[in-house]
Structures are given as structure tokens and as C-alpha cells.
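Order of writing sets the labels: A, B and C. Residues in every chain begin at 1.
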Amino acid sequence: MLLTAAWVLGLIVVPQLRMIERAFIVDQRGDEAALVATEIERAYARVFAIDQDLLRAADGAAAPTAPSPFAPSPSSRATGAASPERTAALEAEKAEAQARIVELEAREAEIQAADRTTYALGNFTGMSRIHAWIFVSTLFYALCVTVLSFLACYPVAYAVATARRGERVALLMLGLVIPYAINELLRIFSWVMILEKQGILNGALDALGLIDMAAGEGVRFVASNGAVFVVMVYAYILFMVFPIYNTIETLDRNQIEAARDLGASAWRIHWRVVLPHAKPGIAVGAVMTFMLSAGSIAAPEIVGRGLHPDWFSQVIYRRFFESSNWNQGSAYALVLLVACVVFVLVVMKLFRVGIRDIAK
Amino acid sequence: MTAATPSTGRDWSDTVLNAYLAVFYAYLFLPLLLMVAAAFNASPTPSVTDWQGFTLDWFRRLPQDQRFIQGLWHSLIIAAGVIVIALPLGLAGALVLTRLQSRATTSLYTILVSPILTPGIVLGVTTMIFWRDTFGVEAGLFTAAVAQASFIASYCMLMFMARLQRQDRALEEAALDLGASPVLVFRRITLPFLMPTMITASFIAFLQSIENYNTTFFAIGSSWTLVTEIGSRMRFGLSPTVNAIGVLFVALTVIAAVVWVATRRRELARRAAG
Amino acid sequence: MDGNDVALTGVSMRFGDFTAVHPTDLTIGAGEFFSILGPSGCGKTTILRMISGFLDPSSGDIAIGGRSMAGIGPNRRPTALIFQNLALFPLMTVWENVAFGLEARGVALADRKRRADELLALVALDGQGGKKPTELSGGQRQRVAVARALAVEPAVLLLDEPLSALDLKLRQHMRAELKDIQRRTGVTFIYITHDQGEALTMSDRIAVMNAGRVEQVGTGDEIYDTPASPFVATFVGEQNMFQGRVASVSGGTAVVDTALGPLHGVARGGLAAGDQALVFVRPERVGLVEADDGEAVNRVDAEVERRDLEGSFVNLFLRAGDQRISLHLTNAGAGRDVVSGRRRVGFRPADAVVMGVGEVARE
């Protein structure tokens, strides 16, 4: 039994340590490595784009391709019927790109073999101003998501927890469980549809006569931090409802009545009786919401389309997969982890709850 | 108590609360309804304002899409792997924590639940680095499963702990007293007691695994699952095929949720009656 | 506190098809210790919740001090409720609990503290104000609840079986204490209980309820000695019960023909010859008599079945045919050495009550 428990530790602690170690390794590879890595990434993207084209060419006649403004490059837009020549040309192009990848990867390995590493703080101190700013604003937005979710959720959790009739409780619960269980990506996606340039919100504005979509007018809601923020509130709000609901449900209803009987106003009942009781639940909700939004990659990636907004998670992703700078990526991931740990500790201190209350 | 007259003075605040509830639930459901509606729109960009006629085309295309089918397959493989890894780990952790009487349990507990409180991408990153640097295993389905298991195991552990705390230790002691070996006690007493939790834990682990995006996105490297594939499609532009998948997800979720609430209510009713 | 009487006129409560309280009139005088006694589900808690304002009556009116309480919420009524589980706020200290009502009324911190200390002294909890309720014993928590309710200076204190969670010894002690607090403060107490001992020892008057109706209102002695219905007769205290048919009624005395012969008792309610009737007599009013004591009225011969020694009392259980008869005898008298055999028992007609048939309380 102890043996398996030790293994549990191995799965969690050792990888963390490895990452931390990575974070402190300063890479001496210089710019060339980064350059080669970017090239490789580009070549892969190209192969992917060609694959997509081939796919479309295959069923091109059956269904006209969506004229998407986000297609990787104009040349890859395979409109009209597929011709064998076109397919052949694409295949050739793909082969060429793949050959280039092999070549580049060999070069990369060479560089890596020659690289010298030292332990230092370079990965942290080397964080650029832009990245630092992104980091701070990510945390700020995450904090806002947390606070807003709490304000929105508390009345709901209270209403569901104190609902008297069985059918009402079941219905309200169902209404919370369904959106909660639906995949995060889909929740994000449904909002992107609304916020799109050709989306529903602009459509509504158009219908109201505020803008003219036919003339190309329209507010580009997506690809802004505000949009990411709105979407995140929607995506993570329910992580706040359930913990609060669970704690309020355990509150003895006589407590509320006793306070009322003693002359307390509704506001005072909440402030002095219900809220203090719900504190552990609020702490859990806050930790979950904050952690999810600070570390979210789905929302900024999908809402942003890589166009504008930078979330810290995206920066980390790029360190790893675009700049191939794993060490700095590790350093950034560590910074994010530390931020979350600090948040957990602050919440625990603020709400005076222990770790056992939090993880339930 | 049915139809109890609420006392005077509550009506006003009840009205406000009900109105707020209505707004909140509308906020929750409207976007999803829009998404569902758009899946049946013939317009090539998902929309409900620009209605070009009802169609099932987007659904018909799904089974032909090799990357989706392949992704679904990958998702199932990973989920199976996660269950295999996370369940024993969670059980072991729960047993150690509930049986061990030591001051170290609080720190151990903290470490064991920490993956739940860690951002998913960090888990993905650490797993990826660890397996590549230490064993030379490149990111792929295996690392994705391991990365997911690292936090799903914690959820399993919490579920097992909740169950174990309700167990009567006297049962095990009685069995030991009757001469059973600890192994036999575990097999005949403890495991059967934990069986219901095993099933729910596997189910939860399966769902968590299928649904996961953040961790998988980092740990899976150049491979893909259904969900990461949906994610990358969304990044390249909206397509009604994604809506179609969304409708399937929503339908499955609604069915599962209704069943869940119904069983929970029956359970509550039974408990109230008994 | 003069004039703060509680008056219920035609008050009823329906939950859907179920009538919890039938139209009821009840007047509780200012400064009275008034108990509502009844089995669980009889509607007594519903009445309490209507007086406190948590439920609106389906019909009728509740007035306190002559002022109608219709449309006034529980937080604005001159009542304070002590809950069955006390409902102390676990996250507040004892003094914060006591001062909560004052806090809600916007009393300044220093005054709140001083007042809380005074009240804690009143309930003999000086110096315990800084503790959390969970650190106190059951009896102490009880007193905190009383102090918390008294802090808002209510005209009426409503108590919903507050002693039911305590063990017997403590319960008996708290009875005396509650009665004492009531006498000292002069506040009207309305006390809900299913425990007749509590009701009899503490109350000035008692209302006995069954199935949503008040069956009798009176002092403890009235309830015990002259019950108004078979239910009251059997719910409060123990009874020997004989069934039969009324042979005659004259001058307030009824004669009932039973399987054991004619029995004489005080007639209650309108009885006429030929009616089905019940004769009740308390076990302690039945005595052992000599076979030739010269009296012919209310004499029964029965077989001794069991003898239980209770210390100062001896309980004798006898049987005459299908009829069981029980006797409570003081341990100084004739019952001391009776263990078995056939004995004659008897009681005075003035100690027996004759009533028409009706619902009786189940054991």
C-alpha cells in the first residue's frame, strides 16, 4: 500500500521538480535554435494546411468550401471542383515541405547536442516586459472572473439550496447540471458565435439599425481581452455555483428563521449567518474559478484565433511549441503555478479555512 | 408541506430572486440554444440570424470526417488508460490517508489533492517534460493519459475517501478476529464495500478524460483527441460541423443529467421514506 | 408589560387539502406561562409559527396587545422564538449570539456588550460570553438561547419544545429554571410540548390539542381532574378505562352498565340513558378495600397479576375478565404485601369521570 502511495507521489512531485529544474536551466543555444524551431513549426503548419486542402479537394465537389477569412493562406483556398493536377501539385508541395522538416530537425538536433547549460535565474529575469504585462493582466482578469462569478452565483446557489419544493429543486438543479456538464469548448464556442463579426450580437445590432452589416460595418467583439473575459465568465461560472450550493444546503434553516425572528433584515441575515456559513464553499469556488481562468488555454485560443489577445497560457504554449524554448516555458509555467499556489494560500488565510475544507 | 403560504414580507424579495433566477438561467441556456439551432442552418458559417433553410447536412458529414473519427478513437483509448492508472492510485491514496494515523497525513493529503488545484496546462507541461527528459518518451497518447491521470486520480481518491470514512472498521476487525488474512479481508470486505464507488469513479474519470482540453492540449504533442480536434477547428474558423458535434454532446448531456437527477431524487425519496 | 395579551380569533391553517389547525379561538393573558400540549402532528407547532409570523393563517386574526399582527413579518413582531434545536449561530461567540437581536436593531457595540453581559448574568452564564456555542454543555446552550430571545425584550416568548434534546435530569432542572426566569422577567411564555410533565409543572394554564383542534384549556388541576374529552383524559396522566352503556343520569352523576357491573361517576358533557359511554378513573384514586366494607358502589373483584415496586410507590396490575385495572399505592399502605390472589378494589364516584365515546390517546 505504501509502495503504491509512493508511486502517487512520483506521478505528481517528480515531474514538478523536473519542470522546476528545467526552469532554472539557462539555455546557451542562442538565436539560431529559436530560428530553426520557428522554421520547423512553419513547415508543419504548411503540411497541415496542405492536408486540409487535400481533404477539401476530395469532397470539394460535394460541398462548397466555407469561404473562411481565417484560412491559413490565400493560395490554399481550393474553390471549385477538384482536379487531378491540383491534387498532384499539392502532394508534391507536401513532399517538399516534409523533406525540409527532416532537414531542419537534423539541424536542430545538432544544435541541441552542442548546447551548454547552466543553472541560473535567466529564464525568469529574462521575461520581457510584454510577457510580464500579459502575466499581470491575466491574473487581473482571472480575479475579475472570480469576483463576478461569485456575485452572480451566490443568489442562485442560495435560491436552489433553500428551495422548498422537491420539483423546484430538481428543475433548478437540472438547469445547472446540464450547462455544467457540457464541454468547456462548446460553451466557449457558443459565445464566439454570438460575438463574431458576422455573429449574432452584430446581427442584433444590425436589426436595431445601429450598424449596417451589409456595408461591412460591425464591431469586432472577438479577439479582444474583453471578449475573452466575457466568455470565461460564462465558461467557468458554474464552478462557483456548486461549491456554494453544497455549503448553503448544510445550513440549518432554523438559523435563518432565528435571525429573522430576532429582527434582522435580509441583508444582515446573509452577511452574518449565511455568508459566514458558506465561506468554505466560496473559497473552493474562488480557487477553482481563478485557477481555471488563469490557466485557461481554450478560451483565449478560440476567442482570439491567434489574432490578438494574449493570455499567459498562450505565451507558455508558444514558448514550448513555437519557440521551442522549453526552459523558458518551464519557467513561465512555474510562475503561473506559483501564482495559483499563492492565490490558494491567500484564500485559505482570508476565509480561515483549511486545505481539507477546500478540496472536497 | 405542500403549498404553504409564505409569510408576509417575503413575497417581495421572492419576486426579485425569481426574476434574477430567470435571467441567470436564460444567460446559461440561450447561447447553447443558439448553438444547437445553428447546427440545422444551411448557412456555411454558423449563424441563426442569417437563416438559409433547415438542413441535416452538417450531421451527415460527421461520420465521413476521418480526423474526428480518429480523434474519438484516441479519446477512448486515453480514457481507458486514465481509468486503469487513476483508479488504483486513487484507491491506494485513499486507503493510506484513511488508515494511517500520523501527523504526516495532512501534508500527504495536501500533496495528493494539489493536482486538482493546479492549472491544467502546468500538469500537461510537467508530464511532457518529465517523460521526454527522463525516459525519452515523446508527447503523445501515452503522456496525455498520464497527465490526465495525475489529477483525475485525485478526484478518485476524494471519492474513495468519502466512502471509506463511512465504513465501519469493526467489520474488518471482526473478519481479522475470525482468522482472515489482511489480503482476504481486503478482497472480501473492503473491495465489495468500495464497489459502488469504483463504478462512479470510473464513470467520472471517463467523463473528465473525454472532456479535458487544457492538459491534453499540452501533453498530447502532435496527436489529437476529439476535443483538441474540435478546439483546433474552432481556431481556424467556425464551421457548422462543430455545431453538429455540439448538438450530439448537448443531447448526451441532457439525457445523462435527467437520468442523474431522477435517480438522485428517487434515492432521496427512499431515504426520506426509510 | 400590561395589556400584551395574545388573542387568536378563528385562526386556522390549511396546507393544500390538509387542515393543520381548525378554526381556533385562544386568549393568552399577559405575563402568563401558557403551554400548548399535544402529540406530534397535532398542529401545536403550526400555531406557534403563526404567532411568531413565519406562517400566515389561512383564516382568522392574531392580535398581540390588541394590535392585529396581519401583514407584520416575524422580524417586526414583539415575539421571540426559541427553536427546538435552539438554532444558535455556531460561528458567532456566545455574547454575539445574545446581542444579535440588538445588533439588528442598530444598538451601539458598547451597549450591546453591556446588555449581553447582563442577560448572561440573568441566566447564570457570567464570563462565558467569549466562548463559541459548541464549547458549552447542553444546559448552557439552552440558557444562551433564552438570553438571546430575551435580549430583544419581547412581549411574548415562544418556546418550541426546547428541552426535548436534554437528558431527563437536566430537563427537570431546566423546568424550574425556565419557570423562575419567567417569573422574574414577567414576559408571557407560550410553551409547546408533548411532555405532559413539563406542561403540568411549569404552566399557569394549558391548552391540550389533538388533530388540529384545541380540546381543552385550563389549569393543570382542571385538565387532570376534569378532562373535557376522552382524548384529554387519556393523554394527560394514566387512566383506567371502562366501557359501557349509560343506565341513568341524575344530579351530575351517571351510572354506566359495564361488564363488571354498574359504575358511578361524574357525568361530563351531555349524556343520556342508553348512550355508549366511557368511565375513567386514575390509578392512584383506586384503592384496595375489604370484601365487607359495606359499600356496594364501584366495587370490583379482580385477580392480582403483577406487582411492580417503584420505591415510594407500588404499582398493582389486576385483571377482572377482559378488564385490566391498575393501582398506584403509596408504599406505606395496604399494598405492601399484596403479591397475588383475588382482591376487591374500589373508588369514589367523585373520582371517576363519565364521558361519551370519543378518540383516546394511544400509548
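Assume contacts are C-beta pairs under 8 Å (C-beta built on N, C-alpha and C of every residue); 3 or more make two chains touch, one makes a residue touch a chain.
Bear in mind the structure is a predicted one, so any value in this text is a computation, not a measurement.
Colleague: What pair of chains has the most C-beta pairs in contact?
Modeller: A-B
Colleague: By Cα centroids, which chain is closest to the centre of the whole protein?
Modeller: Of the chains present, the most centrally placed is B.
Colleague: So what's the Cα centroid distance for chain A and chain B, whole Å?
Modeller: 17
Colleague: Starting from the mean Cα coordinates of chain B and chain C, work out the distance between those two points in Å.
Modeller: About 56 Å separates the centre of chain B from that of chain C.
Colleague: Centroid from C-alpha atoms only, then distance chain A to chain C, rounded to Å. What do you get?
Modeller: 65
Colleague: By residue number and range, which residues of chain C touch two or more other chains?
Modeller: 53-54, 73-76
Colleague: Please set out, as single numbers or ranges, the residues of chain B touching at least two other chains.
Modeller: Residues 1-2, 4 of chain B each touch two or more of the other chains.
Colleague: Two or more other chains in contact with one residue: find those residues in chain A.
Modeller: Chain A, residues with two or more chain partners: not present.
Colleague: Which positions of chain C touch chain A when the two form their complex?
Modeller: So the residues of chain C in touch with chain A come to 52-54, 73-76, 79-81, 83-85, 87, 89, 91-92, 100-101, 103-105, 148-149, 151-152.
Colleague: What residues on chain A touch chain B, complex-wise?
Modeller: 1-2, 4-5, 7-9, 11-16, 18-19, 22, 44, 59, 63-64, 66-72, 152, 155-156, 159, 164-166, 170, 172-179, 181-194, 196, 198-200, 203-204, 206-207, 234, 238, 266, 287, 291-292, 294-298, 301-302, 305-306, 313, 316-317, 320, 326, 329-330, 333, 336-337, 340-341, 344, 355-356, 358-360
Colleague: In their complex, what parts of chain B are in touch with chain A?
Modeller: 1-2, 4, 13, 17-18, 20-21, 24-25, 27-29, 31-32, 34-35, 38, 44-50, 57, 61, 64, 88-89, 92-93, 95-96, 99, 106, 108-122, 125-130, 133-134, 146, 149-150, 153-154, 158, 207, 211, 213-214, 217-218, 222, 227, 230-231, 234-239, 242-243, 246, 249-250, 253-254, 256-258, 260-261, 265
Colleague: Flag every residue of chain A that touches chain C in the complex, lowest number first.
Modeller: 252, 254-255, 257-265, 268, 272-273, 276-277
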